[in-house]
Amino acid sequence: MSIFIDNDTRLIVQGITGRDGSFHTRQMIEYGTQVVGGVTPGKGGQKFDEKVPIFNTVHDAVKETGANATVIYVPPMFAADAMMEAADAGIPFIVCITEGVPVLDMTKVYPFVKEKGARLLGPNCPGLISPGKSKVGIIPGRICTPGNIGLVSRSGTLTYEVVFQMTRAGMGQTTCVGIGGDPINGTNFIDCLAAFEADPDTESVVMIGEIGGTDEQDAARFVNEKMTKPVVGFIAGQTAPPGRRMGHAGAIISGSAGTAAEKMEAFEENGIGVAKRPIDVVQLLRNN
Amino acid sequence: MSIFIDNDTRLIVQGITGRDGSFHTRQMIEYGTQVVGGVTPGKGGQKFDEKVPIFNTVHDAVKETGANATVIYVPPMFAADAMMEAADAGIPFIVCITEGVPVLDMTKVYPFVKEKGARLLGPNCPGLISPGKSKVGIIPGRICTPGNIGLVSRSGTLTYEVVFQMTRAGMGQTTCVGIGGDPINGTNFIDCLAAFEADPDTESVVMIGEIGGTDEQDAARFVNEKMTKPVVGFIAGQTAPPGRRMGHAGAIISGSAGTAAEKMEAFEENGIGVAKRPIDVVQLLRNN
Amino acid sequence: MNIHEYQAKEIFRKAGIPIPPGEVATSAAEAEAIARKFGGTVVVKAQVHAGGRGKAGGVKLAKTPQEARDVAEKILGLTIKDLPVKKVLVTPAADIETEAYVGVIVDRASKRAVFMVSPAGGIDIEQVAAETPEKLMRYPVDPRYGLMPFEAMELGFFLYDDVKKARAAAKIMQQLYSAFVSSGGSLAEINPLVTTPAGDVVALDAKMVIDDNELDRYPAIAALRDESSEDPSEVDARNANLTFIKLDGNVGCVVNGAGLAMATMDLVKYYGGDPANFLDIGGSSNPEKVVNALRIITSDPNVKAILFNIFGGITRTDDVANGIVTATKQNPLKVPIVIRLTGTNEEIALKILKDNGFSAMTDMDEAVKKAVSLATGAAA
Amino acid sequence: MNIHEYQAKEIFRKAGIPIPPGEVATSAAEAEAIARKFGGTVVVKAQVHAGGRGKAGGVKLAKTPQEARDVAEKILGLTIKDLPVKKVLVTPAADIETEAYVGVIVDRASKRAVFMVSPAGGIDIEQVAAETPEKLMRYPVDPRYGLMPFEAMELGFFLYDDVKKARAAAKIMQQLYSAFVSSGGSLAEINPLVTTPAGDVVALDAKMVIDDNELDRYPAIAALRDESSEDPSEVDARNANLTFIKLDGNVGCVVNGAGLAMATMDLVKYYGGDPANFLDIGGSSNPEKVVNALRIITSDPNVKAILFNIFGGITRTDDVANGIVTATKQNPLKVPIVIRLTGTNEEIALKILKDNGFSAMTDMDEAVKKAVSLATGAAA
């Protein structure tokens, strides 16, 4: 088992003919993901790489392919619309890779997607991978291996770093999920932790957080109150100066709220092993 | 029993110090309605007629009085905001008397009120009365008498005409509800019919419709499919010319949809006795 | 409130919708001058609040300025659906490749603004709905989000396969929605929306109906009202805060409340008469309203009898009685009047009427029967 | 993106918010002229992207034009939080009766724009939140409906008991929300919002932060950027599409991805070093970005060692290697460099580096340790 995606995931790609969309579509197909269609307005009726049918609209794509998931690679100014189109077309699982989506756009996307009953992952996230089954997004397949550890992270390359070290240490993964670092995103730590808790194949979970906000603290309490499986964690940004924004991760510290120290303390108080360095995650998992 | 309002209704009046609001507040109090507060921004802390406390906002009024219903008498441009304020404050039953509310305003009010879980009656309606228990709105109390007939109508004075003739004939009412004639309103015929069906004291129902729209036709099917109690009806506007708007009732005929003939036919097809004249309602009720 | 095509076009143009230029003329000479300025073939279009202008001869092509003058002369002499044509719009003729229909209207059933679009435009949309319903797409707009880009694109692709035209149409639909909402519209329509051989998508016609209840909010829109294009008695009634619609019968009706007014008209018909009008004096009982109502009704020479039907709730029947007395003192009636009053302050009202030589009744059916018999000349 | 007070005031003014007049001066003479024009007492305020201007001596009253000149002279010589003051706003001094705080900010937790208002204004709002939280009202706005009139009135009544002032404040909050949303703001603030003895409610200060991601949508807002008011190296980095924040340490860091960049800085600290910067080259692997990154980092004289930490996913590590080679050929390095590369095209990258005389590592911890020891002068 795995969470959110597996062998039954039937994916469409919004922006399939774009630079990023086409590159990663090929990567996903190569990994074994069932890519059943793509959307590029005006290219409806054509085929991508002579095999994947392209549609003008998501509604058309869903009607023709029975897709149950979508991944979005469209420019930031069009991403909000793409997410809402997907939700409106009834797709239950929406992954938005696009970086740079205006946060006010997301204040509208969030309630819309919720009203439609869809799950949104991202935006500004690397997507997710259930090793050996399906990958949706941009996480490099070769750094992962099937196993029974779940991983959830707000970061991209830092996730790769940790997953890679897990894989090298022989610790496989059920699913690795990058929730994205934007201030407003569709899926948070708790959503993923609850899914991992419910997944029979996941035995323990790694949670990688960042400075900014209070999601990690909320997640820590959730772990303490609701989870039976062991969780270990890491927080990036211990040396970040207060009040400055550390790039697109949207890590903002306002006053004392959201510092790395505060988050690490919340982890420890709630029984989550805290890695001092990314590599320490492996050791903490061994101790479980 | 009765529907929507009874002896436990604790009412506030939005616009209590206005011309219409103050007049009808006195009428309602005289009838026995529990008016627990009023709202007029800037008059918070004062008392209406030296007894009803006035508040600046609906939130304040609800917090202090525990009101479970509100009636709105504010000018048309402020009515949408008043309805939403009431719903936002958690009031479960909102009656809007105001006439002339822009219909585009109502397209926003409707989903808002629905999201908050409130029932809205109106706008542009005379309100309702549960004879002997409570009256909310402007229906003259003296034309009604307690009994076991439910009445629902899109009209104002036409309702009075019918109720008065029922009362004169000794046919009392559980509740008389005026749902209002605007194109978009909060409560429709079916909502009221379902409530009358569920009310143990209501034995039969009178439904008074008008030209325009298809609410009466939908309601007729509902009567046929879901109701056990007898229903009789009247439709106003048999002589109305097509394509013209007959005043504030918002009765619009577009092509063949919504004519009086069509509605009367729907009544007959679904077992609803059709009165040719308002006075015939009484005879039809006798025949039940 | 209806506004003219040229006024709706100006609103649409401000919202960004591509619309060919055009100017309004009130005389044939003006029309000729405008045609000369534009050069080439022009279209001369009657500006009147009525559909079916084309069939009525209100829309004509003119190849030369002289022809524009002749055509305008004819159109300015027309009366379309009882309304005299007082203005024409002169606009360059467009090269048309395809004609589509785009409209947005507030819909009771979905409680939303609903787009209706069809690739079969240029004709009556009711005809499309009836004959080829698969060519008509209905699309409700969630007012909380507005018409979103992806929704506009779905509508655009319903009209055009070509993505450029679909995008152009999508943009026009978002602009139309925005114009509709920000003008307090209850209907906005482009029929036809055309494509040109150059591939442009252009609105050739424009129609808008404004929700009367929004006029206080948009004074600039309210100022577009053209009273010269409306029935004078309806203008008079509106200015007196009465809701009035003129009909062809001979029993003039004055009623409080729209539902009761319609039921009264129905009862007139039931007893063999014909209502001369719909008239609702509304909820308040200002005697002045009664005075105005009587003035408007008696100005119709068809009216042979007048029927008052008042059920006093908020309306005080004594106010109505006083209004009748005042009005008939100012302008003595030339036709019989039947007064039915009941409800609030009924006793006072009946006394006022009696003291002034009027009789009154309290039963609606009896009153209607009497009014009908008076109007038809039969014995009461 | 930060904008200046005078720019935010212009945006607020266009939205209808009452704001006293004001003009910007870049010299003491200009400030004097403006003060003379306004007459009476003026306030001279440093225009700089930093809070606490008052405490830093950046806001001064001046009773005469000459005094305005003197005060402006001083303020234009200040450096507040490392930023030199290059402009001052001169504005007539207002009579103040009460000071309130009004702000709106996008909030992660509620996923909405949230109003924060307090009758205790004029001071740091964090202080109000900490010391008198009952004086701070937080009010999330549903983006689907906007700030509705009744909501604005609740906020208005939280500030003022008087209904006129509450209404004025409510209107200002709706205008502020509209300015915030239509400018792509992530923060908009009025501190203080004052009442005058005449009973007016007026915004005396204005602050706005724009979401960088919105700048493409609002070119007029993007044009407000004042690069002269920013740290030159950060301007340089932004123009090169890099995310860069200058810090005080001596290990220059070049990393792909913000999370990994922060983790790298943390690891530098963990091994006893001090990062000189945060620098994220982002997901794409354009060699030009690497060239720019090296240029910006080496311009900091504090940097004693450079650390590359690249985990190739989308980023191709051979592109990064090529960038390093190109950059160091153009400008030979004066400090040691430690390169850690792994992931996409790792073998090619390692070969490129080796062929050009660089050594490289694949383990993050080892690389960081080495960079720290090089920067601190200890043996690697």
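To keep things simple, chains are lettered A, B, C and D as they appear, and every chain counts its residues starting from 1.
Assume a residue touches a chain if its C-beta (ideal position, glycine included) is under 8 Å from a C-beta of that chain, and two chains touch if they have at least 3 such contacts.
Owing to the predicted nature of the structure, the values given are computational and were not obtained by experimental measurement.
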Study note, to complete from the structure: Common contacts of chain A and chain B, by label, are C, D
Review point. Rounded to the nearest whole Å, what is the centre-to-centre distance of chain B and chain C, using the mean of the C-alpha atoms as each centre?
Key: 28
Check your understanding: Cα centroid separation between chain A and chain C, in whole Å?
Key -> 55
Revision key, fill the gap. Residues in chain B with touches to at least two other chains are numbered 108
Revision key, fill the gap. Residue numbers in chain D touching two or more further chains are 144-145
Review point. Hey, how would you classify the chain contact layout here, line, ring, star, complete or other?
Key: other
Practice item. State which pairs of chains touch, listing all of them. Key: A-C, A-D, B-C, B-D, C-D
Review point. Considering the complex alone, what residue numbers of chain C touch chain A?
Key: 145, 148-151, 153-154, 157, 162-164, 166-167
**Study point:** Complex interface listing, chain D residues touching chain A
**Key:** 106, 108-109, 111-113, 126, 142-144, 181, 184-186, 211-214, 216-217, 243, 245, 247, 255-263, 265-270, 275, 278, 280, 282-283, 311-315, 342-344, 364-365
Check your understanding: Given the complex with chain C, which residues does chain A contribute to the contact?
Key -> 41-44, 56-59, 78, 81-82, 84-85, 88, 108, 112
Review point. Inside the complex, what are the residues of chain A that reach chain D?
Key: 20, 76-77, 99-104, 106-108, 110-111, 126, 138-140, 143, 153-161, 164, 181, 183-184, 208, 210-215, 234, 236-241, 244-249, 251, 255, 260, 276-279
Exercise for review: Could you please specify the touching residues of chain D with respect to chain C in the complex?
Suggested key: 144-145
